[in-house]
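Chain naming follows the written order as A, B, C and D, and within any one chain the residues start at number 1.
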Amino acid sequence: MTATPSELLAVMASRELRDDTTVFAGVGVPLLAAALAQQRQAPRLTMVIEGGIIGPRIRPGRLPISTNEMRAAHRAQMLPGITDTFLFAQRGFLDYGFMGGAQIDQYGNVNTSVLGGDYWKPKVRLPGTGGANDIASLCKEVIIVTAHEARRFVPKVDFVTSPAWRDGGDSRRRSGLLFGGVSRVVTTLGIFGFEPESRRMRLEALHPGVTRAEVQAHTGFPLLDAPHVTATAPPTPDELDMLRALDPERRFLG
Amino acid sequence: MGDPDLRASEWDFVAARRRLESKAKSAGEKLTSIEDAGSRVADADRIAVGGCLFSRTPMALIREILRQRRHGLTLVRNLMCTEGEFMMVAGAVERVMTAWMSIGLPWGVSKIMRHYVESGAVALEEWSHLALGLRFRAAAMGVPFLPALTMLGSDLVGVGGMKTVTDPYSGESLAAVPALFPDVAVLHVHRADRFGNCQIDGYPHMDADIARAAATVLVTAEEIIGEDETRRHPDRTVIPGFVVDALVHVPFGSYPHECYGLYEADYDHFAAYTTAIDARGPAAVTDYLDRYVFAPAGFDDYLALFGGERLATQQRLARELTA
Amino acid sequence: MTATPSELLAVMASRELRDDTTVFAGVGVPLLAAALAQQRQAPRLTMVIEGGIIGPRIRPGRLPISTNEMRAAHRAQMLPGITDTFLFAQRGFLDYGFMGGAQIDQYGNVNTSVLGGDYWKPKVRLPGTGGANDIASLCKEVIIVTAHEARRFVPKVDFVTSPAWRDGGDSRRRSGLLFGGVSRVVTTLGIFGFEPESRRMRLEALHPGVTRAEVQAHTGFPLLDAPHVTATAPPTPDELDMLRALDPERRFLG
Amino acid sequence: MGDPDLRASEWDFVAARRRLESKAKSAGEKLTSIEDAGSRVADADRIAVGGCLFSRTPMALIREILRQRRHGLTLVRNLMCTEGEFMMVAGAVERVMTAWMSIGLPWGVSKIMRHYVESGAVALEEWSHLALGLRFRAAAMGVPFLPALTMLGSDLVGVGGMKTVTDPYSGESLAAVPALFPDVAVLHVHRADRFGNCQIDGYPHMDADIARAAATVLVTAEEIIGEDETRRHPDRTVIPGFVVDALVHVPFGSYPHECYGLYEADYDHFAAYTTAIDARGPAAVTDYLDRYVFAPAGFDDYLALFGGERLATQQRLARELTA
């Protein structure tokens, strides 16, 4: 039973979530990862969606395509409004935040704003931060979930939309971000963390059948290694069955 | 246009309060026509749009503003969708202030936004989702800024010109998110009585703060209820009548966007719309505006273009999700 | 048809309210004054009560004794919560605020906190500001409504709970209170305002049968006079009938 | 005790956030006994009390805290009523932070408050009604202060030690209302499911902000509803389950205070209570506590002292006012 890249991402991301916690989940793979975790190791996990939605139940076959629609709010426990939802994170109520991005650098900073040129007249205008900057600033722990491609993993992002460790060391703290930070990067090739001092990205674990050389080849900056680089356990049939049941139309599982 | 400095009128809480003080705050009649409501918008106004993305967008008021050929507008909305594209293609808007603009995952990055922003024709001033929410909330509270822990350390700070403030107690430096006082708020709600007391079901988005923040408040409602119904459920009211300047009864007033519990967004319509843009770019939107905004005399004529059967389907889909 | 002191206060206070406005009304005489104005010159007046109540209808025979109970919220149009109700005033949505007080000085400052001694060990501890300080700080216009007694009208209050013109001149503005201020003092003897420069209290109008000497005798500081001191029209039978219908038990009309 | 300086633990948003971060935020079971809920309160805790004056006071939790003989407490409530008098006479409280304390117009100034405050036995730290609301809101938002235009120019500034802050945009000086992070919040709500998702009818008072501000949240509810009912009306939920630590089912949990729509305050009871105090001072409250707090083993025994007929009458009076 082999997993598609999206399935691999969803399963690996879901394993990061502990029970009795809360998670800020965007739509697509992150939402599926959170829902999977709820069915497995984290039955008392609360999903929070930035559209102002707390504790929804995702409905297979009616998965949301945005964070602000009835499909995202299906059977929610509370609908506090957008600003107040983010304020729960600022207060410290959000344990995890999932994030993706067009560009990610070696310090985990993410760009979803502009590529090339001047900000006011960019070569490529991307949709923008949405809540990503707030999630990156306010959650206790941020987990980046993304396909692993060299064009995404760049030495320096063109624009810091969502800061992780900024320029490394204690520069995040010095910029006024007193809490949180990116703890994990879950990609289609492996799991990454950050070296505690320099805050540079390092390889923590390789997915089944992936070599370190392969990872470096798809990464635009030199990767560090964790003291003990491990191998991740492949998605179990059980995990994949549950996951696929959540997205029978394979809208997000590819 | 590309200046990173805040425009003082955005955060000037003293001027904003004086403007409110000089205005009648009436408990009287607010019902009027969409044309009259739309006429309260002037060229170059800064307009805050209620709802979020394709949820509870005040589409009837957006249509009317386009029909009255306003221009030089600044549009502010936390997440922007097709309404922003309409304004760009119609040449009505000069600047948009938002956290995100496109339609939704399946349709990728907005080609219209890319066309107008990358060419420098429209300035896209990006703020984080929470920061925009706090900008409206600061204005709603009548203060020039709110302290926060977001947007710091990002390049967004330089875009909008946000400053920091030192906490007088701890000495820590925090973000000072500036107030944003709109000239006009355009909102769509589930129900209101003729005095403008408004009630919203489901996610409230930022509408209540936007209404308090703005100098002029224009509202469309799916349903006009009797005064007694308001008074039977006062804890459902989110905007009081004395805040509202004009109210118009417009069933399906967000369509093809959604209204919680009443009708789901018309995803097929979005797909056809984006397919046309993929093929023909902005010209496709020009044709769309002719067909959906300028040609139909009234909102009923506009709805007729979608057809009663489709509207009924969207109502059923909404009930399935919220029952 | 002669009016009791409370009836006189209610009628005179009600006449101060224009139509198409909003008023922060406490319970008792101020609430009756606002309700009377609604029935006469101000049908489109909105009453706001600090307990978090907008647009209630007071129910004769069930008048509230506090700002936080169902009698105060009867048939309200909105119940936004206490903090948000005061924030409407801070934003500039509240045209008028009614206020009373144990002590009032020549600049309109009010004391409802402590009489004599040290603040932390006072001779007499009063209930406190409640929302009076906020009303005095945030409403566009504040109207003090009170029985006129020498012990109340003191040269200097022991404690400034609710500032009006502070020490006169532009001292209110200099203290950081950018808006509002006390415009009127309605008492059982007359109507008072404040001299525009010095901000000292001055007599504007005398109630029927009251002499200036009488007013001064009941005032603990020298009163100034408006350029043209007038006489108030006595409460009309019409006004008194409506007022008495609002409080048939005479709970607040004495 | 009479020091005008703020205690750093009130506004220390960094410590308050760390305290929350280290805590489990569970979507699991919250139902427990009143004894267990009350045991989460420690001597010298700073306790924020929900409701306002004699509305939605968490009387069952107040009783339990008294029964567990806590002392050295700081009690924070926007308007204080009999619950504050109980705490003073029982010697449980050292400081109260409030905007107003007594019962209501007909009964004049609280003689109990005067006795304990004028003698210096209890410190009454006075803040304006809005300022206290903003103190809770700042804490709920996770920031050390909120800018405001209230309390300036009054002698209240010196009492609480409030500072000012300069708006970085306009240069104006505003009040910097400090956050207030309570150790414990005690709240009474209309309904909650067993996971702690709470819904309130009528005026919400400050409960939602207090719950977000506190490190520990204890709730009593008139009714325990099924999870499905919460999910059928998610826009009625004001406190999410992951915020709540302990939940107890206590019908009439505010009595003799009111609960909006369910029962009116027992004004006759207040009259008898104050008459006894007028005659015998604090001793009357000592007897009252013996009879109403310490003697009755359970809350049902407590309610039996009022009698089913009286409770039914108060329910009818509430329906008349809110139907």
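FYI, a residue touches a chain if its C-beta (ideal position, glycine included) is under 8 Å from a C-beta of that chain, and two chains touch if they have at least 3 such contacts.
Please read all numbers here as calculations on a predicted model, not as lab measurements.
Peer 1: Does B-C or A-B have more contacting C-beta pairs?
Peer 2: A-B is joined by more C-beta pairs in contact.
Peer 1: How many angstrom between the C-alpha centroids of chain D and chain A?
Peer 2: Centres of chain A and chain D (C-alpha means) sit 39 Å apart.
Peer 1: What's the distance between the Cα centroids of chain A and chain B, rounded to whole Å?
Peer 2: 29
Peer 1: CA centre of chain A versus CA centre of chain C: separation in Å?
Peer 2: For chain A versus chain C, the centre distance works out to 57 Å.
Peer 1: Would you pick out the residues of chain D that each touch at least 2 other chains?
Peer 2: Counting only residues that touch two or more other chains, chain D contributes 14, 141-143, 148-149, 164, 172, 174, 202-204, 234-235.
Peer 1: Send over the residues of chain A in touch with two or more other chains.
Peer 2: Only 73, 79, 87, 90, 178-179 qualify.
Peer 1: Chain touch graph shape: choose line, ring, star, complete or other and state it.
Peer 2: other
Peer 1: Which bits of chain C are touching chain D when the two form their complex?
Peer 2: Residue positions touching the partner: 27-28, 50-53, 59, 62, 65-71, 73-74, 79, 81-83, 86-87, 90, 113, 117-131, 133-134, 137-138, 159-163, 166, 171-172, 175-179.
Peer 1: Which chain D residues qualify as touching chain A in the complex?
Peer 2: Touch list, chain D to chain A: 14, 16-18, 20-21, 24-28, 139-143, 195, 197, 212, 230-231, 234-235, 237-238, 240-243.
Peer 1: What part of chain D is in contact with chain C in the complex they form?
Peer 2: 1-2, 52-55, 78-79, 98-102, 104-106, 109-110, 113-114, 117-120, 123-124, 126, 128-131, 133-134, 136-137, 148-156, 158-159, 164, 172-175, 202-206, 208-209, 258, 260-261, 264-265, 267, 318, 320-322
Peer 1: Which part of chain B faces chain D closely enough to touch in the complex?
Peer 2: Contacts found on chain B: 6, 8, 11-14, 141-149, 163-170, 172, 174, 176, 178, 201-204, 232, 234-235.
Peer 1: Which positions of chain C touch chain B when the two form their complex?
Peer 2: Residues of chain C touching chain B: 19-22, 43-46, 54-55, 57, 73, 75-80, 87-88, 90-93, 95, 140, 178-179.
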